[in-house]
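Order of writing sets the chain letters: A, B, C and D. Residues in each chain are counted from 1.
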Amino acid sequence: MTLLKAEDISVRDGGTVILEPLSLQLDPGEPLVILGETGSGKSLMAQALMGTLPPELDAKGRIAIGTQVLNAGAPARFRGLWGREIGVLPQEPWLSLDPLMRARDQVAETHALVRGLPRGKARARAGADLAALGLGGSETRYPHELSGGMAQRVAIAAARAGGARIVIADEPTKGLDAARRDDVAALLLTEMGETGGLLVITHDLALARRLGGRAIVLRAGAVVECGATDQVFAAPKAPYTKEFFAADPERWAPRRHAARGGPAVVSAKGLALSRGGRTLFEDVSLEIFQGGVFGVTGPSGCGKSSLGDALLGLIDPARGTVSRRSGNHPNDFQKLYQDPVAAFPRKRTLGQTIADTARLCGARPGEIETLRDRLGLAPGLLARRPGAVSGGELQRLSLLRVLLRNPSFIFADEPTSRLDPITQARVIALLTETTERDGTALLLVSHDAALIRNTADTVLALAAPRPPCRPDAALARRRVASTLH
Amino acid sequence: MIRSTFLATAALALLAGPAPAQSDDRLDVVAQFEIQAPEPSTSGYIFTRMGIAETLVNADAEGHLIPGLATDWAVSEDGLTWTFTLRDGVRFHDGTAMTADTVVNALEIARGKPGPLADLPITGIAPGEGAITVTLSEPLAALPAYLAEFRSQILAPASYGPDGAGVEIIGTGPYRITAMAPPLSLDATAFADYWGPPPHIADVGYSGVSRVETRALMAESGEADFVFGLDPASVSRLGMLDSVEVLSVPISRTLLIKLNATHPFLAQPEARRALSLAIDRAGIARAVLRYPEGATQLFPPAVAGWHDDALSPLGHDVGEARALLAGLGWQEGSDGILVRDGKRFALTLTTYPDRPELPLVAAVLEQQFRAIGVELTINSTNSSEIPAGHQNGTLELALLARNFSLIPDPIGTVLSDYVGNGDWGAMNWRNADFAALVRGIARGVGGDRERAGAAAILQAELPVIPIAWYRQTLAVSDRVEGATIDPFERSFGLQYMRWAE
Amino acid sequence: MSALASRLVQAIMVALLIGAATFAMMRSLPGDAAWRIAAGRYGYDNVDAAAADAVRAELGLGGPALPALLQWLGDLARLDFGTSLVTGRPVAAEIAHQLGASASLALVAVLLSLLIGPPLGILAGLRPGGPLDRGLLVASTGLKAVPQFLMALVLIVALAVQLRWLPAAGHGTARHFILPGLTLALGLAAVNARIARDAMARIAAMPFWRFAQWKGLSERQTLIRHGLRNVSVPLITYLGLQFVTLVEGVIIVESIFGWPGIGHALVHAIFSRDVPMVQGTALVLGLGFVVVNAAIDLAVRHLDPRVAA
Amino acid sequence: MSVVEIHGARRPSLPLARMTGATLVVLVVLFALAGPLLVPGDPFAQSLMKALAGPEAAAPLGYDHLGRSVFHRLAHALRLSPLIALAAVATAGAAGLLLGTLAAAQGGWADRILTMLADALLALPGLLLVLIVLAILPGTALGFWAGLSLVLWVEFFRLTRAATRETLASPAVQASRLLGFGPAYLFRTHVWPEIAPMMLTAAAFGTATAIMAIAALGFVHVGMRAPTPELGLMMVELLPYWREAPLALLSPVLATFALLLGLTLLAGSRET
């Protein structure tokens, strides 16, 4: 029996169609994955199914859930289904738990208020739910005391405690470590079981592949391809799907290793770093050569970014030495940032900032234009401010700015983690190309092991430090500050 | 949410309610004075006014001395020994009897603290049989008047600590204190063993409210029954209300300018007279004080004996004032201010805001003096700057309100202010004839003729420039009747008041 | 714990700062103090050279000030505030007496403001941009632009003089609390309401708010279970900061309503150069802020487990 | 203080509110500056015969209790308080900016001492400090300026320090430093653009606070001295005549309200 059947769902913003009519159905025990890049309309689809579209958007179509048939244009009626028929697993589950409530209470309140169980019983059920998900012993923890994976499991328990058979998961791996992707997939499949329905919206190809079932590929609000997930992955038909899949670092052709030339640009011996009294890693020695790509990977919080900062001399190592090739200009060592928007002065146009840099570095006239063309950037971009330019373009502008310095070493700190797969592939290609062409040494840091594996000449994989790093601790503190202003 | 807002409103409404602001049977008295401590030398005037403490001698509305705790007094032939016969059967609020010893104790403690008694030529106070005797080193006709002053109040020995500082007010008056919370409140109830007629209203309360606006609003809203010390503006506003009666009586207080008679600009009597002529007293009285008239001489009519109707009044004549100053060599400068020997006729007038009308009058004077080419800078500050400036010689002009009958006989004040070096009187002004006349009056020689002569000297020399005679005003609610004003500011007269029918 | 340690440092700094400020005040008019104190004690009719001399002799004024400052700090360490120059009573006793009056007034004001502001703010925050939100913005902006003394006047003239519902001034009964309390409360409520509104709007936009509804909770259940507690954290934190505003209001309001509290005492002490009283009251107000905020630190720590982490 | 003033979730600024605020302030300033030019008159000149008289051509708002033109006194008062307030805000702003940048850039002991000082001042009611300074410099504009500057700098300091610290720790500044830019450039392009709008908001609030404090102290007779026209003083002087001459009392009341409302709106919505 079909759990959910949506027919001709479309979304318009005033006169413009932003999601073209789309039909889908959800069967028990068979996950449905909606794949697409940012802006492809996959989240709109999910919102239309849940009745949570912003009021200025207008949805059309019919949705049948169980015995009820609802009009997508009248979202108010969806509310009664939440928790009872549809369980929603939100993005960033860690932020979806009430920071001031203990884990068990967040599950128990669904049992009590949605299902109407008495308090004691609700608590007992919640405890059992959590234990079943391997969270026995964590019932009385607050969200900030849970890891991302644990928070995700609490959120699933809370979302389903009301008795929902359908689970809609919107980007369930967003903000999570790549390493945890498999856990999430397994968890979602277990929760679905034989009789439940699972709809997953993601741009994470690895997650989609692990989930299997059926897949729909969206692009710019239109369906590009659909079919059984295995088949779509094995033999994508549409050109866009091919390009999209090819951008997956897993599928990249490994880069040809560069020949070592000359002395090391940067080297470290017996390096140990600590932060907040906790040792991140110890006894790391490395050498990075001109024209070479040195890759560092590892789970978040393992100190891979700190390693780069230590090589740049931005932080002091706890032990060990860093030596940089003598005879280099002090500003020869440069960095590319994870969030390029934050790396530019917010209230200045990019052109001004880049012109300032060119003046400072004594760049030749026309150098900006040369680099701009080489990096494939439109001239009009320079008149904008950082916030008004896409991430991929901005990261290329960052590279342009850094290249004005004629650097001998570039530390690229997760330069593509906020970019879509296709953009990511382009930016990484541009980076490695620049490295080879200008003879720069590149330190590339990424949490994506496949990306590093297929890009770097030398790979350093850092392990999670002991005691296990709490990825959310820093985030927790930031959030406290923001709650209090 | 809505409920709690509603609850808040409901709670407010309940507390506010339509109940009248007054429902108790306590007479609420409001005045500007703050109770500092149970100490007669500082806050004693509140206790005498409230009818809690009493003095040996009292004064009636005309200023005649009448018996208080002493029934009778007499002086020896040489004028050096005074005997005060004490009233029989007087009890303190703690039940103890008033005896000659307790009276001597109270007076000796008062004499040891700053106050008028301290400066008197008293050589000893001794208890006698139902009487006390005060011996002097020189005659002092006004001694009984000094004993009518609030600091001479008679309190039980238990009122004083070992060092003489007041710890509790145990008086003999018609009311006894039931609760005192310095600085602002005091409750009292009728004293059952009072020697005189018992008061009609049993319970009274005192609140100190320093802001005159607030006091007036309390009278206006019916919050207080007896509001003392109103500003002129509030008087006319309260006068329009039916629920409040405004009482007003001339008192022996004068609004005057004190000036430094050795200041080079002010040394000649002509200069002082010019300043006096510049003042539009009638205008100030009407507009600022809302009195029918200004002062024509220093002593108000209320100061019996010293006010002389025959004295030619002080006038207002800008032309003559200018002429007088021109005669002294002053010439008008480019900005309208007079100049002599390169010096501008610019002076600082010090005053204090404790009496709200003073800064206002100062502001008017600034304009009226400007009209004759004299520039005033107004320094409205702490009242102590005036005596302090007097003592260190830096004071130029001061605007102040002086009461001639803090001691019911003005002679004490006149003597210290205009013969001695009184801080609130003439500054650097000496006149031998005047001194001789006043000293004689103090000893008991001389009568109305001498007093009129002294007043005439002050009118001619103008060591101070009178501006207006005060009226005391207070507002009484229609709940009570029988309220009076004591022109000597000694009593609120609570014991004579009764609830209106 | 480090939060409490920093509060302790703050307390010590407050004491030093008040010592220095009053030291400067005492030095600014050295010869004048005896006169001022005499005026404070005896009133303008009776202040004269004799009274000033008596004060000078009694208090030993005119000595060097630095030892006096050190003496004060030393006494303070032994919790001895000295005696009031005007009344001669121990400063600690005077303050203890007046603090009660001020604290009860402040408490009434805070409670009233909490009953008025946050409920409206929360309702507005649930519908940002709605009519209530707009109305509240206008009202709170308007209220913030009214100086407290003006508010007091308006309330007295309207509620006491015209309507005769409430006593215009004075103290003693519960009814006397309402006007001064309301004067203070309206100013506080204007800010409280904004804070509650902003906090509520922020919380309603947070993923956990949405998730609670997705779990199946009704609007009301979501508000009660996830809104109130989360709103209370910034609200309480701001309440601590508002303490200073409250004290400033108390100084003005006490003067207007003839309220026998610490603000009234402070203004009088400054007028009459009663330095020990100024030091004492200022210190109590400053340390009051520190203590209140330390208590709020603890309360927030209790409400929000993240702070403790 | 665990409170950081800058928060990302700023309410979308209401240009309408700000426009209204600016208009109100401009109107009040225009009245203060141009009013006496249109209707010449002397704020000090008395005519006791005209005390509390109603409006006429020479005195469009009537006369006060001493027969002085309320119109001209109000215009004068509306120059005085804002002028003192602006002077205090300028001093406080400059000091706060300087010290805040210093504390944020320098760190270490300079930062710790300045922060401790600011925290201690924060615990003291501003009115108390102004009262103490006025006891030292009584009744003068100088006293107000000094006292208010002393109170107001803390806010500017805290804002500057917090924003500068955050900005200096940002990747943008790190990137500029790596590229070789100096402190002057960092301040000009990174720090100042971030704090400038905040400073403007704080300045508008500070001006409102200062004007309110001057009026409040005038009202409790600690402020400017008579006969100087000052808003609080005018109100307290005219208050007893509220039945006789309501217009005379309402004029300073409404002008003060308009000025403060304008400044509050201009500052935008920021708590406290």
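The working rule: a contact is a pair of C-beta atoms (placed from the backbone, for glycine too) under 8 Å apart; a residue touches a chain by one contact, two chains touch by 3 or more.
Just so we're clear, the structure is a prediction, and the values are computed from it rather than from any experiment.
K.L.:
In terms of CA centroid distance, which chain is the most far removed from chain A?
P.N.:
B
K.L.:
Could you quickly compare A-D and C-D and let me know which has more C-beta contacts?
P.N.:
C-D
K.L.:
By C-alpha centroid distance to the whole-protein centroid, which chain wins?
P.N.:
Nearest to the common C-alpha centre lies chain C.
K.L.:
Please work out the Cα centroid separation of chain A and chain C, and write it as a whole number of Å.
P.N.:
49
K.L.:
Between chain C and chain D, what distance separates the C-alpha centroids? Give it in angstrom.
P.N.:
Each chain's C-alpha centroid was found; their separation is 21 Å.
K.L.:
How far is the middle of chain A from the middle of chain B, if each middle is the mean of its Cα atoms, in Å?
P.N.:
Chain A and chain B have C-alpha centres separated by 84 Å.
K.L.:
Quick check: what residues of chain D touch more than one other chain, meaning two or more?
P.N.:
Residues 2-3, 9, 239, 242, 271.
K.L.:
Show the residues in chain C shared as contacts by 2 or more other chains, in ascending order.
P.N.:
As it turns out, chain C has residues touching two or more other chains at 157, 202, 237, 255-256, 271, 307.
K.L.:
For chain B, jot down the residues that touch at least 2 other chains.
P.N.:
In chain B, residues 213 touch at least two other chains, as defined above.
K.L.:
Every pair of chains that touch: which are they?
P.N.:
Here the touching pairs of chains are A-C, A-D, B-C, B-D, C-D.
K.L.:
Under the stated contact criterion, what part of chain A meets chain C in this complex?
P.N.:
50, 52, 79, 82-84, 86-88, 90-92, 95-101, 109-110, 113-114, 142, 144-145, 155, 158-159, 161-162, 473, 476-477, 479-480, 483-485
K.L.:
Any idea which chain C residues touch chain D in the complex?
P.N.:
3, 6, 9-10, 13-14, 16-18, 21-22, 24-25, 28-29, 137, 141-142, 144-150, 153, 157, 191, 194-195, 198, 201-202, 205, 237-238, 241-242, 244-245, 247-248, 251-252, 255-256, 266-267, 270-271, 273, 278, 282, 285-287, 289-290, 293, 297, 300, 307
K.L.:
What residues of chain A sit close enough to touch chain D in their complex?
P.N.:
Where chain A meets chain D, its residues are 312, 314, 330-331, 333-335, 337, 339, 342-348, 353, 356-357, 360-361, 398, 401-402, 405, 481-482, 484-485.
K.L.:
Name, in rising order, each residue of chain C that touches chain A in their complex.
P.N.:
Within the complex, chain C contacts chain A at residues 202, 206-208, 210-218, 221, 225-226, 229-230, 233-234, 237, 303-307, 309.
K.L.:
Help me check something: in the complex, which residues belonging to chain D touch chain B?
P.N.:
44-46, 48-49, 51, 65-67, 138-139, 221, 225-227, 236-237, 239-244
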